[in-house]
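Before anything else, here is the set of structures, which you'll find just below.
First chain A sits with chain B, and in the next complex the same chain sits with chain C.
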Partner chain A sequence: MKTKRKKIDYSKWGYLFILPFFLCFFIFSFIPLADTIRYSFFEYYRSGIKEIGPNFIGMENYASLLQSDMLKYAGNTLVLWMIGFIPQIVIALMLAQWFVDSRLKIHGTQFFKVVIYLPNLIMASAFAMLFFTMFSTNGPVNAILSSMGLISQPVDFLGSVFGTRSLVGFMNFLMWFGNTTIMLMAAIMGISPDIFEASELDGCNSMQRFFHITLPLIRPILAYTLITSIIGGLQMFDVPQILTNGQGSPDRTSMTLIMFLNSHLKSKNYGMAGALSVYLFIVSGILCFIVYRITNDDDADGSKAAARKAKRKRRK
Partner chain B sequence: MRSEKPNYLRSIFAHIVLIVLSFMCLFFFYILFINATRSHADLQKGFSALPGNYLFKNLQNVANDGTFPMFRGILNSLVVSGCSAAICTYFSSLTAYGLYAYNFKLRKIAFTFIMAILVMPTQVTAMGFLRLVTNMGMYDSLLPLIIPSIASPAVFYFMYSYMQSSLPLSLVEAARIDGSGEFRTFNRIVLPIMKPAIAVQAIFTFVGSWNNYFVPALVIQSKDKMTVPILIATLRGADYMNFDMGKIYTMILVAIVPIILVYLFLSKYIIAGVTLGGVKE
Partner chain C sequence: MKKKIVSILLLAAITAGALAGCGKTDASSQTAGGIENVEEGRVINIYCWNNEFRERVEAVYPEVKETSKDGTVTTLNDGTEIHWIVNPNQDGVYQQKLDEALLKQADAAPDDKVDIFLSETDYVNKYTDADADVAMPLVDLGIDPDTDLADQYSFTKVTASDANGVQRGSTWQCCPGLLVYRRDIAQEVFGTDDPEEIGKKVKDWDTIKGTAKELSDKGYFTFASYADTFRLYGNSIEQPWVSEGETVIKVDQKIMNWVNDSKEWLDAGYLDKTVKGQWNDDWNKAMGSSSKVFAFLFPAWGIDFTLKPNWDGGDGAWAVTNPPQEYNWGGSYVHACTGTDNPQHVKDIILALTADKDNLLKVSKEYSDFTNAQSSMQAAAKDDANFSSDFLGGQNAFQYFAPVAENIVMAPLSAYDQGCVELIQNSFSDYLQGKVDFEKAKANFETAIKERYPEITEIQWPE
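And then the complex of A and B:
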């Protein structure tokens, strides 16, 4: 009998291959994070050319942020996100449903998909600059509206709260609805055709099919889309920053949290920027945890439970 | 069939909605293109639906403008995005392969860790990042925009999923029996198999880096190192009313045209890639 050769241990290669990633993460994300958290407890800013601090002041930065306009900016961010997200998810669900419905015989599906995904790839800052020039009082949109006789004098879109917020929301909608449509389409196509066939035989109409079969079955992807969109919304910066030149005008009603952070960083107010970052870190940490649960656990997203529920409902 | 008629109506309705949405998506780019082909004087007269013949002159004006070195910016952006895409896809594949093909003690923990930071926003560490970059002497250089893309959890996850579906471990075993070293196996056998995934992720990383504004705006200071988004932002901050409008439209046009061109050629793969990764970037 031959003696079994000792198996070569390859594990050191595994460590070696994942080393660059973790090294890079440690240097460019972990150290900065620790540094950010550390300075959030310090009084450390620049007034003129004089540097004040760093002096340890405990939780004072956190407290003064709560008294500042931070909560107002958080509200702005939420409003701007919702204006973009609600139409986005409604339209995306509708389009995804249409694209996969073979009986609707949509012509040029590929063309429409290419077109609606296009705005997602456009540089957000250039897109915002384009909207700024187009919706300015002497821009082409006002020119078109007045030549059509719809308005007698130019509309100052960016001068009103409603106008600015709608424009930001509209741009976010345009940039993301194609992406969401394609994601949801893949989710709907992943549902077994048998279920749809069975529902057909049971006399299910298209509305019932959508609300009682499709929607419950794509719930995990919907949840994923929602959470990643909230994380994206939390990071909203490019569009309102360029559109309002960093002012969040009118009267800082379109100032987002990251714009606030950016202005602290630009003025080298490291203590405040640190505390604000920690608030953002906590919120996004919670959201990350939810995404982790959705992408990893077997049934944490409730897909199987949803399937069971859908079946039960159908039986009633 | 009972449901024949409503389907017909629904089909018409669906087509109308799709055409309206497509119109919304394309209309702004159409205006941009038209206005970039007209001169400032022409633009002041009002909007016209037909293109002018001033595009070449506008391009020349953009190229000769020293305050907004647009073509230099495009070059910088190309360098940053190209390098980011290359090292991001290579090291993400390497990391994914390390966790996929080898069994070691910390494997589970490492994987869980990367999944936990999958969608963590970079903005929360921006302050420490800025200080670190300054201390390392890399402030106002393109390097801090490139190197951190080695650690991209989302790209890693995509590569890992792709390996699970298309890289049989028996192939790695076979290479070992043939005497191929581990690193050589990765470069010569694994990477070619990963080509479709690498292509898709290279495009997404390139586009993401091309469009990135927040980090470059913090790190870059001098004009000749600015990337395209910062130039667009400085354009917005400048005294806008005294500008040649034709030139402004042309600047925006040259900022987005490279991506549109890439997209037109590769749209099929890009759209297929959106769902493969399942991760928004």
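And then the complex of A and C:
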């Protein structure tokens, strides 16, 4: 019997080509992930050089985490993230708008784009180390300020909650605003020039154009930036860790969730650290789901919803 | 800065593994050589936390041929290589790395096995534990502590022994601490820099408080930081932090005295408020010529290894005298690691470094280290011609070290000492600087210590 060939099937090549990724993912990401979740139900740590466990203890790790200061550290993380994110998004929006505005005729945009992206290329820990040295009590910043006669006593930047938090925020801002600017520029350039021209003919000023045309049209990208930044912020570690020597000082007010996780790993406490990771995983998962919904929204400008609403009204 | 760079690299590694759930790095076990060596292995792996031990080995071990420029490999005359695996002590990084290696010891290829590792007084107890059995009893190596190490100070031998009294490590140094002060400040404030005279002014805590007042009136600080005095209190605790077989931390009254006295001193302006703890930039700068700090509390290694590199002036600016209280700070113990493939070399190194009288005397002479040989040290104390230090303006420091060493009573040790000592200082640092109140500092210590040692169930504070 002859089989009738309906079409040539190339799909096996496709599967073959994506196989390496899935293999790597399975070995290096999936198995550790499953292990982490498994260990989170165990008592498993090291006391001195003796290993304790693994003993199955059910949800005990999760419960004891809830009783610990975890929520406080989550709050710290959120505050640190916000201090960095708010200026970041404002400055990035402004710069993106200026860079794409052809009538401003800014020279050397390419140059500036590279420069503002540069801080992102420095390793975060090196950056934190630099700030740690610069802002130490007997460091150069204090020396400059006092030689200018602005202060009489050295300022204890890293000894105050405000100082430490704002330094962390400032570093995150410096590192990420270039990245965000470039992303938002791409979004603004994606808007059809016709709309801007039409708005100008209608006598729209630049403020109105920004708030009523640009902003609504880049909303999906904005949301994407927000969510990815939150997920990144949840994992904030290297900057505060180095800046505060892993203590989250003063009084653990700049201790982030991952620093908390790290201090469990000091005693190789895989159980507790695993449970904390699972909490983080769930939160990140929810956030990812939201961003997925937003970016896959076929009703980006809200016109369909408006139409539905109008229809309902008519029916009444 | 090297320490910092290493720690940055470590942090990067930790970050990478953090969310992925501490992915186990498959250390691809190198099949080194593959030839079954009946004799000694070709590589001696030594775990330590700085260059001190290497420098001592280079100075006195006769077999040393040369060390590579980056200081990672030392070649011996017979071609055997010593590989130095250096990890910083801070934040428990050294112990983490060492523990990692010790757990793999049984499966490691002969040349990857740890042969010698060092430990500090703060955590020597963890490694000499008889059940853990990671440090070989010296007897098994062919060293008889009673005869070969007879001249060592007995408290160092007790410290390096397990609960059954089997000695599992040996040290070349003994760390009686002294008070090191700036001669120029002494001249200005007290009109004399004579160690005898200054010694009288700092002989106990009550007297030194009066002296601190005099110094502060002239605009000087007595010590740099509240952490400087910690050892004096911390090493005279009466009960161990954690008793054998218990999971309760008992904070000694002496520690609380440290907190209260430090608060008083700091508020009175006897300590420099801008220096927060030790081993940081501000602390190092406090040892410079532009600093207003009068004195530091250091054992011999501190003067040679910490004070000297940080001092930017000429020789002869510092002098030593008796401390307000006798204390011991540090001490690096050398252990032969169970499973070593170079027992003969290890034995030779330990004997050459910690038992050979001439070698120890040489180290004392060249590095002003107070070494672990009672008779030699007593002789050195009287031998001004050979043991005067240029850095101390020709003073013979051994004259002051020797009596302190003889009077040292080691505080009872536990495996938790390092974490406790580190974290209690961190937690109360916030209190001393006025960031949190006393109760909050206590609570912060409890949180931090339970994170570090999950098995701890309770923390008891003195009444």
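Throughout what follows, the second predicted complex is superposed on the first by the 279 of 316 C-alpha atoms of A that agree within 3 Å, B and C clash if a C-alpha of one lies under 4 Å from a C-alpha of the other, contacts with A are read in each partner's own complex, and residues count from 1 in each chain.
Here is the rule we go by: a residue touches a chain if its C-beta (ideal position, glycine included) is under 8 Å from a C-beta of that chain, and two chains touch if they have at least 3 such contacts.
Note that the structure is a prediction, hence the values are computed from the model and not measured.
Colleague: Could you look at A:208 and tell me whether it touches chain B, chain C, both or neither (first, second, both, neither)?
Modeller: In the superposition, A:208 touches no partner, neither chain B nor chain C.
Colleague: Which partner reaches more residues of chain A, chain B or chain C?
Modeller: B
Colleague: Just chain B (first), just chain C (second), both, or neither: which does A:166 touch?
Modeller: In the superposed model, A:166 contacts neither chain B nor chain C.
Colleague: Look at A:129 in the shared chain and tell me whether it touches chain B only, chain C only, both, or neither; answer first, second, both or neither.
Modeller: After superposing on A, A:129 lies in contact with both chain B and chain C.
Colleague: Is A:105 touching the first partner chain B, the second partner chain C, both, or neither of them?
Modeller: first
Colleague: Using the touch definition from the top, say if A:35 reaches chain B (first), chain C (second), both or neither.
Modeller: Both chain B and chain C are touched by A:35.
Colleague: Tell me which partner A:265 touches in the superposition: chain B (first), chain C (second), both or neither.
Modeller: So A:265 meets both chain B and chain C here.
Colleague: Once the two structures are fitted together, what part of chain A is touched by chain B and by chain C alike?
Modeller: 28-29, 32-33, 35-36, 39, 123, 125-126, 129, 133, 138, 235, 237-238, 241-242, 245-246, 258, 261-262, 265-266, 270, 273-274, 277, 280-281
Colleague: For the complex, give me every residue of chain A touching chain B.
Modeller: Residues in contact with chain B: 10-18, 20-22, 24-25, 27-29, 31-36, 39, 91, 94-95, 98, 103-107, 110, 112-119, 121-134, 138, 140, 143-144, 147, 174, 177-179, 182-183, 185-186, 205-206, 224-225, 227-229, 231-232, 234-235, 237-238, 241-242, 245-246, 258, 261-262, 265-266, 270, 273-274, 277-278, 280-281, 284-285, 287-289, 291-292, 295-296.
Colleague: Quick check on the complex: what are the chain B residues that touch chain A?
Modeller: Per the touch definition, chain B meets chain A at residues 3, 6-7, 10-11, 14-15, 17-18, 21-22, 24-26, 28-29, 31-32, 35, 44, 46-47, 91-92, 94-95, 97-99, 101-107, 110, 114-132, 144, 147-148, 150-151, 156-157, 182-183, 186, 207, 210-211, 213-214, 217-218, 228-229, 232-233, 235-237, 245, 248-249, 252, 255-256, 259-260, 263, 267-268, 270-271, 274-275, 278-280.
Colleague: Which chain C residues qualify as touching chain A in the complex?
Modeller: 4, 8, 11-12, 14-15, 18-24, 91-92, 96, 99, 102-103, 126-127, 129, 131-132, 134, 274-276, 280-282, 285, 415, 426, 429-430, 433, 435-436, 440, 444, 447-448, 451-455
Colleague: Mind pulling up the chain A residues that touch chain C in the complex?
Modeller: 28-29, 32-33, 35-37, 39, 45-52, 68-69, 123, 125-126, 129, 133, 136-139, 154, 156, 159, 161, 235, 237-238, 241-242, 245-247, 249-252, 258, 260-267, 269-270, 272-274, 277, 280-281
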